[in-house]
Amino acid sequence: MPSEPFGAPVPQESGTPWAPVPYRVSERTQETADTATIELEPLEGTRRPDFLPGQFNMLYAPNIGEAAISIAGSPSDLRRWVHTVRSAGKTTDALAQVRVGDVLGVRGPYGKGWPLHEAEGKDLLLVVGGLGLPPLRPVLYEVLSHRDRFRRVEIAYGARTPKDLVYYEEIQRWRGRDDLRFQVTVDRAGTEWYGDVGIVTQRIPDMRFEGSSTVAFLCGPEIMMKGTARALQERGVLTSRIYVSMERNMKCGIGQCGHCQFGPYLLCRDGPVLPYASVERFLALREF
Amino acid sequence: MKEDRRELARELRTHPFLQGLDPGFLDAIEGATQEREFETGDPVVREGEPAGELILVLQGKIGLELVAPDRPRLSLLTVGPGEIVGWSWLLPPRIWQVDGRALKATRVLTIEGNALRKVLEDRPKDAYQFMLRLVPVISRRLHIARIQVMDIHAV
Amino acid sequence: MSPAPSDTAGVLERKDLGRLLEVLNGAGYRVVGPRVRDGAIVYDELRTEEDLPIGWRDRQEAGTYRLERSEDGRVFDFNVGPHSWKKYLFPPHHLLWSTRQEGNRLQVAPGPTLEDKPLAFLGVRACELAALQISDRVFQGGVVDPTYSQRRSSALIIAVECSTSAPTCFCPSMRTGPEVTQGFDLSLRELLSPWGHRFLVEAATDRGRALLRQLPLRAGTEEDQGDLGAQRARVRAGIQRSLPVDEAHDLLQENLEHPRWETVGRRCLACTNCTMACPTCFCSTTEEVPSLSGETSEHFRRWDSCFNLAFSQLHTISVRSSIASRYRQWLNHKLGTWWDQFGTSGCVGCGRCITWCPVGIDLTEELAALRAKAPSTPTTAQGAKA
Amino acid sequence: MTERTVAVNYVARVEGEGALRVRIEQQRVREVELRIFEPPRFFEAFLRGRAYTEAPDITARICGICPVAYQMSAAHALERIAGIEVSGTVRALRRLLYAGEWIESHALHIYLLHLPDFLGFPDAVHLAERHPEIVKQGLELKRAGNQVMETLGGRAIHPINVRIGGFYRCPTSEEMRTLRSPLERALAQAEATARFVATLTFPQVQEDYQFVALRHPEEYPMNQGRVVSSSGLDLPVERFEEAFQEQQVPWSNALQSRSKEGGTYLVGPLARFALNRDRLTPRAAELAKELKVPSPVLNPFQAILVRALEVVVACEEALRIVRDYREPSEPFVPAPTPFPGGVGQAATEAPRGLLYHRYEVGQDGLIREAKIVPPTAQNQARIEEDVRHLVERSVEAEDAQLQDACERAIRNHDPCISCATHFLRLDLQRN
Amino acid sequence: MPALGPNPRLAVFKFASCDGCQLTLLDCEDELLTLTRRVEIADFREASSQVIEGPYDLTLVEGSVTTEEDRHRVQEIRAESRFLVTIGACATSGGIQALRNFADVEEFSRVVYASPQYIRTLATSTPIRDHVSVDLELRGCPISKHQLLETISAVLTRRTPDLPTDSVCIECKRRGNVCVLVARGATCLGPVTQAGCGAICPAFHRGCYGCFGPQGTPNVPPLTHRLHELGASRGELLRVFRTFNAAAPAFRQASESEERAKT
């Protein structure tokens, strides 16, 4: 018989970050040709964990793999996760094509959210490109349920074509409100489109805000966020009040796989939302 | 009528594109200025037709569209209040390169091109200031076109 | 009869070294440590004293490693080899979870964390103790990785102080060695002189003291201390390379567009060897392996590297397609932004990345080049092809 | 009355794409052509100018089914030039690697390619639907062979560990230990296989073969031996080309080999068994007796039984080598420097028969000339005769039946041709 | 990727090759019977005499194109295939028979055949993708069993298979091998060769000889420079790059550069 090891190991808590929790797909909406919004309800229990607008989950498609996907639902709807997924690879293809009743795994929520409290008492701008809207949708829900905490709320959303707009119906409702302004622009359109055409940064001169007292959240392709930030700076928005959501191909969500390194940051841990000031110089570098 | 002219003169002088230019220069072009209105869907300019004027948008929205017989119309830019349409009047062959269509009820000022060019030729210093306003518009639209070509939302 | 040893220190004669392995095996540990295999000293299971690289030495240079026999019979007369302890704590290929689908149910079973026996790491060098502490911050500083944590907390650390240095070493400048000072349960210092072949043994923890009590030790003497001092001086004197650990962060931040990146990018093979050999590099990717029937699936984690093209793939595009940009990413992280992320340098000065780079790229030389020649005008050619 | 042409489409310098064409005129077989139209791959040509050390890796690529055979013949021939002899444990390991290939290749042929013929299925997949236990046993047996090759050669197809003088690395004792239990199981399965295939119904056919195989003083032949024949030939391998000659026939991209005096001949399991029955390993010998296997076996359909016995031989040999294994001090015998150069020949017994290589190498270590005579080339003409006899016997048969019979006749001899013969289109020309 | 029906049809075709890559399928002893429950084997001449006409859902193509007939045959196969995967070095880079691309094929014919006039072959051996569109390529001489199963399983579940373009080195280190280039000075192509084999050669103390062709971003010149320093001759490097993936662009350039330097 072997004797006891010196100071036998102390058993750890059984909790592991490496176990996706099963959820059932309760609803699926086709947003565009390649993008769908899926709603997930817990298989066990009745509610999901809390999350902050801007955080993401690792969604697991059994037999396929995992992908980091922003949370796009309302923080106060505790019964479900809502995610909008665009087919852009092995895992997102599968996630975008799930059917109601399918079971997926969820790990999360992970990352840091938008600093909404900083915008309280100020003008709030959301400038969004493409699939940057889903991670900002929870912000809109929060803002609308506490509308009195903010001054002007202005949203500019740019997409590729009218067919690539997500949340179409909901956007119509938002556009109908008098307590926020929601502008939409597309890169190109056909004759059926009577909205704006161009790029989203063009909308900035037209947005109503007081530069010195404005907080801006940007989410979209890096080149779009760069251009937007510059345009906002021109209108007097303090660089320290511009926030961006960065994207890299996250594999773990918990700062241990290294894929989401961006300069000093591990985006899954320190981001994805970061002050623009802290990433500005890296966005200027090639292949960083 | 007098009242209208005065209003037009005010609008000309306060349009962001011209605001702050030399008053003498603005006086000089005022005579070549007209106001026009379009209903939703009305053509504003047509590709291939003589480009006779500079258009300053006051209200509404004009879509600049590319047309080719074998493909659907493609809208690449919308121009709204405070912006301008067209520099084709400036350089030969003075032909519109795009279709412009009113996307909502739209009111514009037009400055007749021949007269405008004449004023610019006579007042080189003011012309320089005018060009300092026009070139950035061209440059910005070129930049927008480049970003559109990149198709940044495609990946 | 020698005087009795203290509770925490003593001297183990060379002939009694085998007793250490017997005690460890008897206590139920799986002992892993240096042994000769495939032309190098690797880390593998040790059953008896004879498994140790007795009478072997290594010769290391940038891009070169050779084993040779030594005549004096020293047991630990070599420096770190191609393996590091991370392979035990952060296995190269590891099951994170497995799933079974039955209708609309999904069963998720976590992968294994502990092996059946706790590990005893025998022969951990000073730089490697530092590497373990860096890895602790990565794998348990925030979210705790259960595999790492369980193996780490159960592992017994037996350090061995270097009695020789390789030309690729630069631990003094990184303040991680060569002397073993902390982070171990038990430490050994091998001495060979006319006063005999023996090991100074020191225990630093309860586990270490419990082990120490089971060894036949004598008390240390002045001669032992004298030999140790001379040996330490010799080891330090042999270390030629250095790296400005405190300056590195800012130096890199200021030189992200230095033309040197292009230069090294033309030499670099993007083969990943430096990152694989590095004791602290922790990048990984995941791999889903469904069974052919589709009923079950396994989700693995495997070592990945920032030198791989696919590593930085975002949607369908690789963010860092040039090799120069990947080298910059690696060095900037290792020596620079690691501080921001984990409050320490990611480098311990072990020199593995220099030795095991097939073309002998030397990070100390690269950093020196950045320092020597700040660029007059920033280059915009980061993405240009070699 | 009729002329019909039986055409079969698929074989090679190596295994692959071959065809058969039989022309029948007035109920008499006029022509039988086994045509190999696998595109030529010119191995002998591009071996010229390559370093002799590359020959085992390059020639392996001639055949994915028996790469070890090519590696073995090449290594032995080149070692003759280098003047080195591999002996002791390293030689035993080579035999073990070869045994792995025999087990794998024979199991593949018996279970996946040949057995469906006897049991009336188009393939093993359909066979498995009815008799899963049979196919599973075959796959397991095959896997044991692959496991030997993976342990010793790194992988089962185109192993990477064979070099002139021995191996790049010898397995550790621990690695060898892992082979024990699979091989013990494989031996039992091999014996079961032999007993099972002995119960099959064989068409009653007797062919008058001239058998050619290697013969070793002690061993059932594999790596070494003299070239012997059932007509009394007994030559050292160096004189192989004095007795046999390759011919090119216009209908084939593969060369045909014939004996210089006696016409066609047969290599492979039937030949080895006929000429080496006294060298069978103990349990194989007992089994041959128990199953009353005739000596020699002249019915080509019974080749399946002989193959099964050879799997027993290979398993017994493999087990013996694994049990006796002690890690040698050096994995290979180094070649002398400077390299002497010269001409060297060797033959080994590939699963489907004698494989001859000859090389001429310069003192710079570069190959000047290479000649490779694979078993398929040697059997090609003899298979044509088998087919001729078969068609003569069944000339009244329907085209489909005849085609099926021709395919079976070819499959009797060579799994590499079997892959081709599954491709057979019997093009019957009847006048 | 298009959806596959409930009983997808698998076909395996062969061009100039050694049969080793298709044998890999039969070497999946543990998985074969599971696999055949999920797919119908429609045309696989090495394994079955049953031939079901196309179209096929998944077609595996082994071998390179070396004859005029094969040039046409591969087009017919493509037309019958929904998803076409080429398997192995022959099919993806021309294989060892692409050595003819660097020589005079008639000379080759004369070396092997007494009557070369009977032999009809093209002057080059070319990969399948030079002739038809290919959906996926599996590298290797031979291919890896693991990658083959991963690919089939991926096609069946309509996902992209996991086929890394990393170097052999990363597999080599995961396996715990000691680098043969650094520790032995061996001529090893691992740093520029694509992973997939499991780094078997270094595990057996020899240098990688490039079965899987060039990795995602092969940087060959510094490697050849280093191998020369270690004593490899130009002739040796020419030959090692000109073997089983001789016509793959990065290897081809490497061998040609050695050839130029030699003369």
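Just so it is clear, A, B, C, D and E label the chains in written order, and each chain counts residues from 1 on its own.
The definition used in the following text is that contacts are C-beta pairs under 8 Å (C-beta built on N, C-alpha and C of every residue); 3 or more make two chains touch, one makes a residue touch a chain.
It should be emphasised that the depicted structure is a prediction, and the values quoted were computed from it without experimental measurement.
Asker: Treat touching chains as neighbours: how many steps, at the fewest, connect chain D to chain E?
Answerer: Contact-graph shortest path, chain D to chain E, evaluates to 1.
Asker: If you take the chains that touch chain C and keep only those that also touch chain D, what is left?
Answerer: Intersection of chain C and chain D contact lists gives E.
Asker: Which chain wins if you rank chains by how close their C-alpha centre is to the centre of all protein C-alpha atoms?
Answerer: The most central chain, going by mean C-alpha position, is E.
Asker: From the mean C-alpha coordinate of chain C to that of chain E, what's the distance rounded to whole Å?
Answerer: 37
Asker: What whole-number Å value describes the gap between the mean CA coordinates of chain B and chain C?
Answerer: Spacing between the chain centres: roughly 67 Å.
Asker: Can you work out the whole-Å distance between the CA centroids of chain A and chain B?
Answerer: 38
Asker: Counting only residues that touch at least two other chains, what does the list for chain A look like?
Answerer: Those would be 63-64, 88-89.
Asker: Which residues does chain B have that touch at least 2 chains other than itself?
Answerer: 155 - these are the residues of chain B that touch more than one other chain.
Asker: By residue number and range, which residues of chain E touch two or more other chains?
Answerer: As it turns out, chain E has residues touching two or more other chains at 157, 162, 205.
Asker: Spell out the residues on chain C that touch chain A in their complex, using ranges where they run on.
Answerer: 25-29, 96-97, 99, 101, 104-106, 108, 110-111, 113-114, 118, 138-139, 142-146, 149-150, 153-154, 156, 185, 205-208, 210-211, 256-257, 282-286, 288, 290, 294, 297, 299, 301, 304, 306, 311-316, 319-322, 324-325, 329, 332-333, 337, 340-341, 380, 382-383
Asker: Give every residue of chain D touching chain E within the complex, in rising order.
Answerer: 10, 13-17, 38-46, 48, 50-51, 54, 57-58, 61-65, 67, 108, 112-113, 116, 122-126, 128, 132, 135-136, 139-140, 142-143, 146, 154-158, 160-161, 163, 167-169, 247-248, 250, 253, 255, 331, 407, 416, 418-420, 422-423
Asker: So in the complex, which bits of chain C are touching chain E?
Answerer: 37-40, 42, 63-67, 81-83, 87, 92-93, 266-273, 276-277, 287-294, 302-305, 308-310, 321, 323, 355-360, 386
Asker: Can you list the chain A residues touching chain C in their complex?
Answerer: Checking each residue of chain A against chain C gives 2-10, 12, 16-22, 24, 43, 60, 62-66, 88-89, 101-105, 247-249, 251-252, 254-259, 261, 263-266, 269-270, 285-288.
Asker: Can you list the residues on chain E that touch chain D in the complex?
Answerer: 14-24, 26-27, 29-30, 32-33, 36, 41, 45-50, 66-67, 70, 95-97, 99-100, 103, 105, 107-109, 111-115, 118-119, 121, 141-142, 197, 200-201, 203-206, 209, 211, 235-236, 239, 243-244
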